[in-house]
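Letters are used for the chains, namely A, B and C, taken in the order the chains are written, and counting of residues starts over at 1 for each.
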Amino acid sequence: MRLDNFILQTKDLCMNFGGVTALVNLNMTIKEGEIFGLIGPNGSGKTTLFNLISRIYLPSHGVVYYKERDISALPVHRVIVEGISRTFQNIRVFLNLSVIDNVLIGYHSKLRKSFWGSLCNTKRIRNLEQEAREKAMANLRFVNLSEKTNEFARNLSYGEQRRLEMARALASDPLLLLLDEPTAGMNPNEALELTNLIRAIKERGKTIFIIEHNMKVIMNVAERIVVLDSGKKIAEGTPEEIQKDKKVEEAYLGREEG
Amino acid sequence: MKFKDSHRKILIWTTISIALGFLPVIVTSAYYLRVINQIFLYSILVLSLNLILGYTGQISFGHAAFYGIGAYTAAILMTRLGISFWLAMLSGGVVAGMSGVFVGIPCLRVKGNYLALVTLGFGEIIRFIMQNWTGFTGGPMGITRIPSPKLLYFDLNDDIHYYYLIVILYLIVYGGTKRIVTSHIGRACVAIREDETAASIMGVNTTYYKLLMFAVGTFLAGIAGAYWASYLTVVAPLNFTLDESIIMVMMLIVGGVGSLQGSILGAAIMVTVFEVFRPLYEYRFLIIGLLLIMVLFWRPQGVLGKWGR
Amino acid sequence: MLFQQIVNGLSLGSIYALLAIGFTLVFGILRLMNFSHGDVFMFGTFISFSLLTEFKLGFLVAAPIALAVGGILAMMVEIFALRPIRKEGTTVAIVSALGAAWVIRNGAQIFWSVRTYPYPSIFELKFVSFLGVQFSVAHFLTFILATLCIVVFNIFLKYHKLGKAIRCLAQSIPVSSLMGIKINKTISLVYAIGGILGVAGGMLYASSYNVLYLYFGFWGVVKAFIAAVVGGIGNLNGALVGGIVLGLAESLGAAYISSAYRDAISFIILILILVIRPNGLLGKKEIEKV
């Protein structure tokens, strides 16, 4: 793990929606291989940042660099090809696809595809599908969902859907994984299991960028943290430094009256 | 004796093929045969619409227009250029498919109800052209004296010939759509239907798949149109109205989106009901309307539909 | 001549606006394209026709009855065809509404058959010279009447308790429910209002053009939707603006290009708007929350 290697960097990143400013002059850097946290009160712009990286939004100003490349002009479906994958704050699994099909969609960008090959069901395509299924099964085993392979995603419990989203996000073997509030709605046990999962993912050499509201989780798992408030970065540092930071406390608890 | 899955499949297909092959021996009435031909024809149309609307979730209320484009293309090629039915049918499909892509492009950014209206609008504009470009399309009278297919020395102009033709076409189309739908393409399309943004983020090129399904769906509709042109020997704009498009959507919904067998079921149900209530001609829309509302009340996802909320 | 066409366009447009309101209300709240709207107002207009011509009732008696029929019919459609499938998605909703439309249209056909009827004029067909140009008093008064309906309705929405309840529903159904608003009853009311305004628009249209026929409703609703979209869906002022724009475009187009192209023009405008400015002329850009 080369500590000097930046995998993601934003420079003066700004985002405005009509009259609402979501992000203001955001400058931050994520090193390769680290678990990097993003916290802040509701509405501080965290998911907006993720959406800018995913290229759903075009920045009003500023640049997002991925591995020293400006990815601002990339079409949305090519972001995952570069190696960036993600999960969502409100789970967005494909409800009317089976569990394994959901994961296979995650793998879609890696499949060597052919319309005519599929139409004629050639041996090559059948082998590629088989290979893809095996990889998908491996991902499902990693998140403990291999027993529900052919179940429709809409029939899974909340926790299972969260794990499915994780498996789907991992299917493309990304270098940078964006996790948006992965422990939301989980009890302490499930949250603990998830942190172990996150560490296991890091062991595989991936960089993880995680938004969290659960302070226990984030302080436990993140190596460095950035704090946003109303679209601005107000603090950056290790979990210990952040916990002692007065500005962070104010942002969450509100300014003192009087 | 253990039945392997593939053995069972072969048995089913063989039985179906034999049954279909011998059907005209049992059903000798030309009337019933024509109804059956209609059922298979609409099954192809509904299957093609299923690809666009069912699997990819792109609401299309203009499908009959592409059916019409295929019919008109084949009619013009056969009556004015003497081209053989087979080549004309293929051309009908190709021209319809290209039109589908052409219409599909502005539709890419539009969703849901708006898409329904845009496709409706395109369908009406195309019918308008059919009705008013009299020099090219024959205007409201359309094109007549469309010949029947010729195979080697045989002139296939009997209901039985058309029966075998449509059954073979149907089986090919069913097999093809099944392959598409069970492949990565089908997955990608359902992902687009379920959550286009998430699909896009997960690497699905939504533009490509939407246009692909538009192309394939309208191509198949065009092929069906060419068949119909030859069968009826006449094409006229009144066959390709908005009501036709609506009927196709109704068949799809009743049978169940996302179900290939549902497509033939939906077509069979609606064609049969229309025919059965022919004596009560005046009331047939009333009956169909009530039937539709009742089916949706009972099973909103369609008789054979598997997708729900 | 131009001035005449403009007056025609404004009159036609205000009628489209009336039709559009009922449609846009339902769409704004439930995201549902109620394709039965047209056939409901067609039915109501036919009722008024029979009351006027067969039963020889005065307009002041026939109109309220017809309006009531429209409102009730709309509510019945909601209860039987639309409420049960409310959660099933867009396509099913459109199809179910179409099914209801067919039932109503076929029902109307049984009573009135497929003929085109001459609907009597509410206002005498008089022409007046103004600034050296002739214009139709009937069309002008129609414009006034339609606009009056719209203004009254706006006031209802703003100040009356039920009007406010409707606006709450348009914002958020779950929150409205938590606030104690009776959802199903309010939705039924929305449909009823749509039916009433629709029949009003239908009667004005029929009397302006002295024509009434079976398919009058379906096309009315398509135009109404186009008007609503052009103006900005879910936005009531948008329905007004959209209606006027559409009416003007059709009148001027029909006069200066060809009347056969009237419908084609509406669709071309629709497609242009949806592709270029999908939120309509008055709509705000909707940002998708990811």
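Keep this in mind: contacts are C-beta pairs under 8 Å (C-beta built on N, C-alpha and C of every residue); 3 or more make two chains touch, one makes a residue touch a chain.
Since this is a predicted model, take the numbers as computed values, not measurements.
Engineer: Based on Cα centres, what is the most central chain?
Structural biologist: Answer for the innermost chain: B.
Engineer: Would you kindly say which chain has the C-alpha centre located farthest from the C-alpha centre of chain A?
Structural biologist: C
Engineer: Please tell me the distance, in whole Å, between the geometric centres of chain A and chain B computed from their C-alpha atoms.
Structural biologist: So the centroids are 42 Å from each other.
Engineer: Between chain B and chain C, what is the separation of their C-alpha centroids in Å?
Structural biologist: Chain B and chain C have C-alpha centres separated by 33 Å.
Engineer: Based only on mean CA positions, could you tell me how far chain A sits from chain C in angstrom?
Structural biologist: Taking the average C-alpha coordinate of chain A and of chain C, the gap between them is 47 Å.
Engineer: What parts of chain A, by residue number, touch at least two of the other chains?
Structural biologist: Expected reply: 54, 56, 88.
Engineer: By the touch rule stated above, which residues of chain B touch at least two different other chains?
Structural biologist: Answer for chain B, listing residues that touch two or more other chains: 197, 309.
Engineer: Could you check chain C for residues that touch two or more other chains and list them?
Structural biologist: In chain C, residues 288, 290 touch at least two other chains, as defined above.
Engineer: What part of chain A is in contact with chain B in the complex they form?
Structural biologist: Interface residues on the chain A side: 54, 56, 75-81, 85-86, 88, 92, 94-97, 101, 104-106, 108-109, 111, 113, 115, 118-121, 125, 129, 132, 154, 168, 172.
Engineer: Of all residues in chain C, which touch chain B in the complex?
Structural biologist: Residues of chain C touching chain B: 27, 31-33, 80-81, 84-85, 87-92, 94-96, 98-103, 105-107, 109-110, 222, 225-226, 229, 260, 263-264, 267-268, 270-271, 274-275, 278, 288, 290.
Engineer: Help me check something: in the complex, which residues belonging to chain B touch chain C?
Structural biologist: Within the complex, chain B contacts chain C at residues 53, 59, 61, 106, 109-110, 112-114, 116-118, 120-122, 124-125, 128, 132, 197, 246, 249-250, 253, 257, 282-286, 288-290, 292-293, 296-297, 300-301, 309.
Engineer: Which positions of chain B touch chain A when the two form their complex?
Structural biologist: Answer in residue numbers: 176, 179-180, 183-185, 187-188, 190-191, 193-195, 197-206, 212, 258, 306-309.
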